[in-house]
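After this come two complexes, each holding subunit A, first together with subunit B and then together with subunit C.
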Partner chain A sequence: MAKSGKPKLAVWKFSSCDGCQLSLLDCEDELLAVAEKVDIANFPEASRAVVKGPYDVSLVEGSITTPHDAERIHRVRRSSKLLITIGACATAGGIQALRNFKNVNEFISIVYANPQYIETLNKSTAIADHVHVDFELRGCPINKYQLVEVISALLNGRKPNIPPYSVCVECKRRGTVCGLVSHGSYCLGPVTQAGCNALCPTYHRACFGCYGPKETPNTASLSALWEASGVPQEDLVRLYRGFNAYADAFRKESEAHEQ
Partner chain B sequence: MKNGSIKVDYLARVEGEGALLVKVKNKVVTDVKFRIFEPPRFFEAFLRGRSYNEVPDIVARICGICPVAYQMSSVHAIENAFGIQVTGPLRELRRLLYCGEWIESHALHVFMLHAPDFLGYQDVLQMAKDHGDLVKQALELKKVGNDIVNLIGGREIHPINVRVGGFYRLPTKQELATLAERLKWAMEFSVKMVKFTGTLTFPDFERDYEYVALRHQDEYPFNEGRLVSSKGLDISVPEYEAHFAEEHVEHSNALQSICKDSGAYFVGPLARYNLNFDKLTKTAQESARSAKLGKTCNNPFKSIIVRSVETLHACEEALRIIAQYQGPETPAVTIKPRAGTGYGCTEAPRGILYHRYRIDDKGKILDAKIVPPTSQNQKTIEQDLREFVPPRLKLTQEQLTWQCEQAIRNYDPCISCATHFLRLDIQTDET
Partner chain C sequence: MFQVAVTAMVYRIETAAVQSLIEVLHQQNYSVLGPTLRDGSIVYDELHDASDLPMGWTEEQRPGYYRIRKRNDEALFGFTLGPHSWKKFLFPSISKLFSASRNAKGFNVLKDKAEPKGGTKPLAFFGVRPCELHAIEIQDKVFASGDYKDPQYNNVRAQVFIVAVNCSHPAETCFCSSMGTGPGVEGQYDLALTEIIDEKQHFFLIEAGSPKGEQVLENIQHHPAEGNEVSKGEDVVRTAASNMKRTLDTRGIKELLYENAEHPEWEKVGARCLSCANCTLVCPTCFCNTVEDSTDLGGTEATRTRKWDSCFTLDFSYIHGGNIRTSTKARYRQWMTHKLASWIDQFGTSGCVGCGRCITWCPVGIDITDETRVIRDNNGSA
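For the complex of A and B:
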């Protein structure tokens, strides 16, 4: 607790696009109210002021991709009572985990003229692969209202109400016509966790898996359906290899179709 | 400080991870390093082998602050490769989406990241204690910008509605109309924003920069135009790489760009303003004048006024687009992939964002190149600090460090973009 008696919140960044922590600043209607209830003690994107730890809640964005970060995350864990990971990078390695399927040295030489200056690990990995995580909030990006729900649940000592069911449930609730059934679209909705309020189907496009695998996803059955309609193996691999490519269920399914 | 160093290990109120080190010996700055230690993410590498239609969604993930810019540069580059031009109401909707991103990004930077420096606060929450109404209105302005991106793009961070050829779903006239009332308020508030930023105190600091921005015959630039500079460059977008090169330096995970003929250059709001003042709306021009801003400005600290002027322009432009909107017949033009190379450059809130893609006849990406605004400004930022520090060595270490940070924030650096970057170290050798 800070001197003010308010719980101390810290925000940490690892390899990421900054979008998930920006979600906090994007809570235009809630930001000042949140700041009344918690002491935003360490949030470099928003403030120069740093209050020393330990912190009651740490929000961690980004994946582990460098030897330095693999060590830094342990320091963050030690200074945090509760550690919450936010977004696909932190919960599954993010889009940069596409390197995990290739040789990273080849990647470095494609982008950088002097590869010897670049220090990076072979794999981009989720925070939970390195330290104990108290709660994972999914999404690429996270849903800001889910973030406010997680913070307020933790402050009140209850479990966050974040449903683990699929995007399909959200589509049915919104009354959105099913693209997979009616147009045979390559929709990842049946195997993807809800949280976006079925955004893509509502915008007339197929879900591409921003929130990662739902609880107990039947990816094999979905792939079989697509195979039957003639989708090439190469495309199946690509479908599962997006922002959550290294989440277990998606990784295994993509590997099953790699030739 | 005669000898020593200014050191900031983790620069705050910028997007991403960077640091600064300024070394001073006998009152002379001997070294300036604007370090980018944000881990590299290799976007150009993993775009290879992906389908053209996945590109706008993938490149959005380079930056959570300006995903629309990445989506816009990529769709323009890919359409260029396929020989397609998106015109009419679809082009107008793209401009509207970009207005939304400029409004939210500029409101974020002006009030939440930069203004606290001028007023002596650590952050916007501290500032809100003394300037509550202003901060509340700033948040409302940001929200108006975000709501445009939300409606046209589907969500404010990593929008899902942009595709090569147009959009997946078109907004209805009614949905757009609901934005108009709020935009009218936003426009009125932007006039106050220009006035407010015009009253701030600015360090006396000017340099002879080479500004580079897009220039379009009829419009203040968003998505197209020729690349022009204040020193006479005037080229088409595909000629970019013939005139600009990227260097890989040891202290940075971001490649630094230079103009092959003249070295460091300056992109972003100040560059756009200096090269396109005549294309701003009359209200924006008058508002700039009333804030005592000339047609050109060479003080990077005043970029905070220029961002406010651009916000006003974007509100007005958004209102114009909404008032004239006639829904297109289809949400996107038909795409036929063909083999080739495409070039695209658009004006991200922080400056020009260049993309180039080589694509095969099935629409598969063979090769990609992305040059974000922050990489292009890196060298200019370092040069600014070399000149900014020496006359200010009488300041305390704490004051000088803060002012150096402020000088970096003039550029609204986006480090996540630049690595696809930043820490501040000011080191003093006590001799």
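For the complex of A and C:
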């Protein structure tokens, strides 16, 4: 607790685009209510001021990609009562985990003029691969209403309403017509966790799985459907290699189609 | 019980009178809801006038497949069913039960500030298929009978005006004949329509099923149908019945499924099932819901919300200490056995009306009629 008696909240950034932190700023109306209830002790996207730890809640954005970060996350964990990861990078390694399927040294030599200055790990990994995580909030980026829900649940000592079922449930509740069935779209909704309120399908765009695998995802059955309709193996690999390419279920499914 | 044998009078109305019918319902303060074309599909939504109906459209349906197609005529009801069912109006997918605010002693339940969506206008369902009429009756048993009646459902339901439509075009996924729920209209309705369309003529037959229906009918131009017109209407339903190819053998179905809880087919279907919950959400009788409590950030106000849920989610069968149906196999078996067997013990009828939505809208095309057939053909093989 801070001197104000309010819980101290810190936001930490690892390898990421800052989009999830921006979701917190994007809360606008709710942000004032959040600021009233918690002391924002560290939030690089919003302020340079840093209040010393320990912290009641740490929101962690980004994946672990460097030896320095692999060490820093332990310091964050040590100074945090609760650690919540936010977004696909922090929960699954993010889009940068695409490198996990290749040799990272080849990328370094192509991208950087002086690769000798680059110190990086072979793989981009989720925070939970390094330290204990108390709650994971999915999405690329996260949904601001889900973020407010998690903070609100924490402040009130209740379970957050963050369901792990499919995006289909949200489509049906909204009355969105299933694009997979009515247009033959390659929608990952049936294997992807809800939370976005079926944003893409409602705007006629197939779900590309940015919330990662749902509970008990049956990717093999979905792939079998598309294989039967003639989708080439390399396209199936690409379907699962998005922002959550290294989430277990998606990784295994893409590897199953990679010969 | 006192019973009156009623042979409802059949009248003929012209196609243009469909517009008058919608107008009369609007004049009587109904919000008119019915089929309309949206997002490449026929959905249920507000009908402002007859031009909102999907004139000249039909669909092609197969397991896991739905496409709309242009017809070569101007039929208003030349299609079967889309993904929506009327339950979305009677039992909304998300509804607030109540909210409360904290006070010194405990909490106060807050009075609702906002009216429910669409106001308190009574609803007119325009174009209810026979299977759906049965589905509404089934949900009435769940929500509107017994000791615990659902007030939200009943408030809406009590005022609903139903315009039913006889089926002329069963989809490839339809099997209402097997379930005894169609393709001819029966049960409680206010008005029932039959569309007659061929190269030479296009008109409707109309029957009133209630005093409310008669009163609406009085306000539109109609005249008694002639004998050959009435028999044309009967032909429509007869042809629909004979065009329906899919069947579900319901003989002893309760015992069949109870005795086959360990049938190897459950394993096979569990391997295909995505546990995405689509079948339950498109089903016009599935009523399972979850109740969510949420608080505002300050912890001064709390809200209880009811949402559609599904027996295919893990949280649905989470009880103290864990989930009781962790495998998808167990969840599929639970759904199908409830729908076709234990529903009979629970409510006295099957939970299935043969609309085929669970077949069409299953992304991987799992077919409840096929699953039943496999279990029947290898009865007791476990």
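As a convention for this text, the second predicted complex is superposed on the first by the 259 of 259 C-alpha atoms of A that agree within 3 Å, B and C clash if a C-alpha of one lies under 4 Å from a C-alpha of the other, contacts with A are read in each partner's own complex, and residues count from 1 in each chain.
Simple rule for what comes next: a residue touches a chain if its C-beta (ideal position, glycine included) is under 8 Å from a C-beta of that chain, and two chains touch if they have at least 3 such contacts.
Everything numeric here is computed off the predicted structure, so don't read it as measured data.
S.K.: Label the relationship between subunit B and subunit C on subunit A in the superposed model as either fit or clash.
M.R.: In the arrangement built by aligning on subunit A, the partners subunit C and subunit B fit side by side.
S.K.: Which touches a greater number of subunit A residues, subunit B or subunit C?
M.R.: Answer, by number of touched residues of subunit A: B.
S.K.: Considering only the touch criterion stated at the top, classify A:Pro163 as touching first (subunit B), second (subunit C), both, or neither.
M.R.: second
S.K.: Name the contact category of A:Gly175: first (subunit B only), second (subunit C only), both, or neither.
M.R.: second
S.K.: Write the angle, vertex at the C-alpha centre of subunit A, between the C-alpha centres of subunit B and subunit C, to the nearest 10 degrees.
M.R.: 110
S.K.: Would you sort A:Glu215 into first (subunit B), second (subunit C), both or neither based on which partner it touches?
M.R.: second
S.K.: Just to be sure I read the superposition right, which of the two partners does A:His204 touch: subunit B = first, subunit C = second, or both, or neither?
M.R.: Both partners, subunit B and subunit C.
S.K.: So in the superposed three-chain picture, is A:Ser79 touching just subunit B, just subunit C, both, or none of them (first/second/both/neither)?
M.R.: neither
S.K.: Closest Cα approach between subunit B and subunit C after superposing, in Å?
M.R.: Superposition on chain A places subunit B and subunit C at a least C-alpha distance of 11 Å.
S.K.: Please report the subunit A residues shared by its interface with subunit B and its interface with subunit C.
M.R.: 204
S.K.: For subunit A, which residues count as touching subunit C in their complex?
M.R.: Contact set of subunit A toward subunit C: 30, 33-34, 36-37, 148-149, 151-153, 155-156, 158, 161, 163-166, 168-169, 172-178, 180-183, 187, 189-191, 204, 215-216, 218, 221-222, 224-225.
S.K.: Using the touch definition from the top, list the residues of subunit C that touch subunit A in their complex.
M.R.: Touching subunit A: residues 38-41, 43, 64-68, 82-84, 88, 93-94, 271-278, 281-282, 292-299, 307-308, 310, 312-315, 326, 328, 360-361, 363-365 of subunit C.
S.K.: Spell out the residues on subunit B that touch subunit A in their complex, using ranges where they run on.
M.R.: It is residues 10-17, 38-46, 48, 50-51, 54, 57-58, 61-65, 67, 108, 112-113, 116, 122-126, 128, 135-136, 139-140, 142-143, 146, 154-158, 160-161, 163, 168-169, 246-250, 253, 255, 331, 402, 405, 414, 416, 420 of subunit B that touch subunit A.
S.K.: Per the contact definition, I'd like the list of subunit A residues that touch subunit B in the complex.
M.R.: Residues 13-23, 25-26, 28-29, 31-32, 35, 40, 43-49, 65-66, 69, 94-96, 98-99, 102, 104, 106-108, 110-114, 117-118, 120, 140-141, 196, 199-200, 202-205, 208, 210, 238, 242-243.
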